[in-house]
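Presented sequentially are two complexes of chain A, the first with chain B as partner and the second with chain C.
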Partner chain A sequence: MSQTSCCQGTHAACTERFEIELQSPDDLVIALAGNPNTGKSTVFNALTGMNQHTGNWAGKTVGSAIGRFRHREHSFTLVDLPGTYSLLSQSADEQVARDFICFGNPHATLVVTDATNLERNLNLALQVMEVTDRVVVAVNLMDEAKRKGITIDLAGLQEQLGVPVIPLSARKGEGLPELKDMLLKVALGEVQPAPKLLPYSEEVERAVADLLPQVEPLVGGVLRPRWVALRLLDGDESVLAALEQYTLEPPRQIRSGEVVIPQ
Partner chain B sequence: MQNVQQADTSALRDQMVSDIYARTEAIVSQTVTLPENKTQLDFDRRLDNVLTSRWLGYPIMLLMLGTVFYVTIAGANVPSGLLADFFFWIEGYLTAVFTWLGTPAWVHGVLIEGLYRGTAWVVSVMLPPMAIFFPVFAILEDFGYLPRVAFNLDRFFKKAGAHGKQALTMSMGFGCNAAGVTACRIIESPRERIIAIITNNFVPCNGRFPTLITLATLFMGGAVGLAYGSLVATGVVVGLVLIGISATLSVSWLLSKTLLRGIPSNFTLELPPYRKPQFGRLMIRSVYDRTIFVLKRAVIVAAPAGVATWILANIFVGDLSILQHAALFLDPFARAIGLDGYILMAFILGLPANEIVLPILIMSYLSTGAMTEMDSLAELKNLFLSYGWTWLTALCMMLFSLLHYPCGTTMWTIAKETKSTKWTLVAILLPTGIALGVCFLVAQTVRFFGWV
Partner chain C sequence: MEIIPLPELQIGERARVVSLNAAGPQRRRMLDLGLVPQAVIEALRKSPAGDPVAYRIRGAVIALRREEASLVMVTRI
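Moving on, here comes the complex of A and B:
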């Protein structure tokens, strides 16, 4: 299954809604997500060198750095999202990260994880995979994990997740060429990740199934109905507000009382 | 949004979260192998038990802070002196060139006595401490110590009715208050965020550390004799930082009991693993990103300020220059709070950036004083002494610098972040009031008991 990123649309989305200037329409846009303290900024700096600046997104008070790099004749724009533990929109940081992955229409999303602390880090990766297929997971701080005697079965991890997994030691620059190659392939569609999304437990799945017929006509084609249904069950309505804010032509006006969450 | 009919889904939410966690756990258990002997992981835990312990945590923090300042103060003395020697050796040649060219005296005045001398002082007084302080501080940062500091301070902020994360934004303020104010975005509750923004100014930033360190070295260290001089100066700077932190906590407490009432919210603070600092990269980053940046800003603002100050000091209205008129006007008020008219003027003219307060002061003294030769740090002290300085003057200037209104950049940032004229005004007036009050009390008390 290789449906494209959840957001159909052009990269005008990036420039108009998130005030990110692309140098050319051919720029490949990569969103950079990760927990705090995973060396995300180190990865960002290692990829972009000094070629970066800090931006401030329209309507949001959360800043974000934007950097550029070239790889194999292609130019990339890397958008450094705020470090978050989840996409559940508990804070302004999380909303910004979620909104960009959903509506900024990046060509790929890179989730940086900490090899010494995968257990906490994979939660975010799994959540990002629910939003978009085009995910690359970088397992950073491999050198530190090695020093601590932690071994990671990377092939097994890739198998379990269904998306490319690249080992990194960003501080030493190890793994960067491989990472750039993989980002390019995913961005161009040469590699099509197929996230393995396991079903939730029975009651959640039942509630999703009940809700889906109502959500599908509202958000279909813009967001993944399943994901939106999950968010609504989550009690998070900001996703609908964001949908109205970020889509140029909302699929349909959502009126009060149209979506009824089954008890 | 009213689009969705409310329903209680909290049970489902909990189920979803635990489903995700279960999945992660399953993946990790199949792909990650932890070491047989967990010495490294244990090492982190054991270090945390010491660094964040209830009893040892605070003394260690003070010791670290003290060490950083001591290394800075003791290490900066010699290079500062050498730089000053060098610049004033050059000045001699420049003056000779001007004389040889036969340029008018006022050109020499503006360019050498104003521009060059002002800039030279900024560089020789500020560069060495910064070049030592920033890398040392960055090593602690890179090692992972700062989050432990936040952890230690968390309970104080809770008690003050503020957010624990304020410990982090406060720490950022040590670098730059404008950056600290921006960092307050990490605090979700608007009430606690405003408290953190208003009180960020009470920790000394890059721009004020050089002032504090220089004055402490000249007036507190020198008083005890050279052997213990640096140690005493260190104690004074640490003391000032503690006063700043106390001010932060008491004002936070006051605000949360009055204007910004509420209950502190909870949060989880993650303690990242300790990492071996990357010394090479740290050196480059802290020298380029911080030292050169701060110095550049100081020079860019100080150079024109030097010219302006020289002009103000050399245009005469009646018997006195404009500068002297202004200083004379401010003098009675300034004396009451332990300063003098020139110092208060320097603070007013230094509004754009705290870095230039001391340079402006030196320039105003130089341009009006009888002293023309400035070739060592001891001369700097003599200059101050010739204007009637005592240790009280130095102390009051340090306290005023620590507590007074935020610099122009920070004010602007506060206005932008709060989007409120009211809170911006509070953030300006409250510290100013406190600075005036504290300096007044200290000056009057010391004079009353006749300690100076």
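Moving on, here comes the complex of A and C:
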């Protein structure tokens, strides 16, 4: 399923809501997500050529956590999200990251993972893949992994995830050209990742199937209905609040009980 | 194998997670930190007051308060 735009026009990223200024409407907007301590800031700096930046995540704006770069005649705006282990817990950082990936409609989302600690990092990657198809996974700190004797089956990982996987040693600049190429291809739709989503237990899948016909007409153009159904089953009220905040059509049918959530 | 709450694990000991006695957002939080069944956890050190305790969970060091840790059931390994 391709994610359609929530803004006017077909492929516009919805950056105004997050107080992000684009240099031109053609800018390709890339969201940068990752666990804490994965070298996400190093990747940000390596891509944008900045030596430092300070994120200001007060409130719900991401205005000062952005950088820009050009690649093959295209301008990119890179939005550095707070480092999080998850999009689903209730901290302010996680909600900012979730809201931007869900409602900012970035052209692609780059998930930076730590090659020395992949198991922990894939939780976030899988969660992002549940929200959007347009995901690129960067396996960073490949140099450190090599030193520790860790080898990573990159082709196998890419096969299992269904999204492009790019090895990186951001500190040394290794892998950056390949990463930029892949971000460009995904942002332009030349490469269409097909995330392999986790099936849940039979019980949960049945409840999701029950909810989908009701959820789809309400959020279909904005969010992936399966993801919203899963959050409703989670009892995650903050998703409803975010839907009201970021979309024109408040999910009042969900609030008013017209959508029956299986218990 | 004896199942114990995590705070009974001594510093330097390792254990495997059996279950979480938490629900809702707290359970979600714990799962996101890597506390899933079968995950290996190691008690690293205590803070000066003895609470919280730093644990190594799947390659990251995470401090848990006794109140939270007591909801995590483990077996020593």
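Here is the rule we go by: the second predicted complex is superposed on the first by the 225 of 263 C-alpha atoms of A that agree within 3 Å, B and C clash if a C-alpha of one lies under 4 Å from a C-alpha of the other, contacts with A are read in each partner's own complex, and residues count from 1 in each chain.
Assume contacts are C-beta pairs under 8 Å (C-beta built on N, C-alpha and C of every residue); 3 or more make two chains touch, one makes a residue touch a chain.
Here the structure is a predicted model, which means the values were calculated and not measured.
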item	value
Which of chain B and chain C A:65 touches, first, second, both or neither	neither
Touched partner set for A:235, first chain B, second chain C, both or neither	both
Chain B versus chain C, judged by how many residues of chain A each one touches	B
Touching partner for A:37 - first (chain B), second (chain C), both, neither	both
Chain B versus chain C as contact partner of A:207, first or second or both or neither	first
Contacts of A:123 with chain B and chain C, given as first, second, both or neither	both
Partner chain(s) touched by A:153 [first = chain B, second = chain C, both, neither]	first
Residues of chain A at both interfaces, chain B in one complex, chain C in the other	37, 90, 116-117, 119, 123, 234-235
Parts of chain A lying in touch with chain B, wherever the complex brings them together	36-37, 61-63, 90-93, 116-119, 122-123, 126-127, 144, 147-154, 156-157, 160-161, 171, 198, 200-201, 203-204, 207, 230, 232-235, 237-238, 240-241, 254-263
Touching residues on chain A, where the partner in the complex is chain C	35, 37, 85-86, 88-90, 114, 116-117, 119-120, 123, 234-235
Interface residues, chain B side, partner chain A - complex	1-5, 7, 9-10, 12-13, 15-16, 19-21, 23-25, 27-28, 30-38, 40-41, 182, 185-186, 188, 270, 272-273, 275, 278, 417
Partner chain A, residues of chain C touching it in the complex	24-25, 28-29, 32-34, 57-60
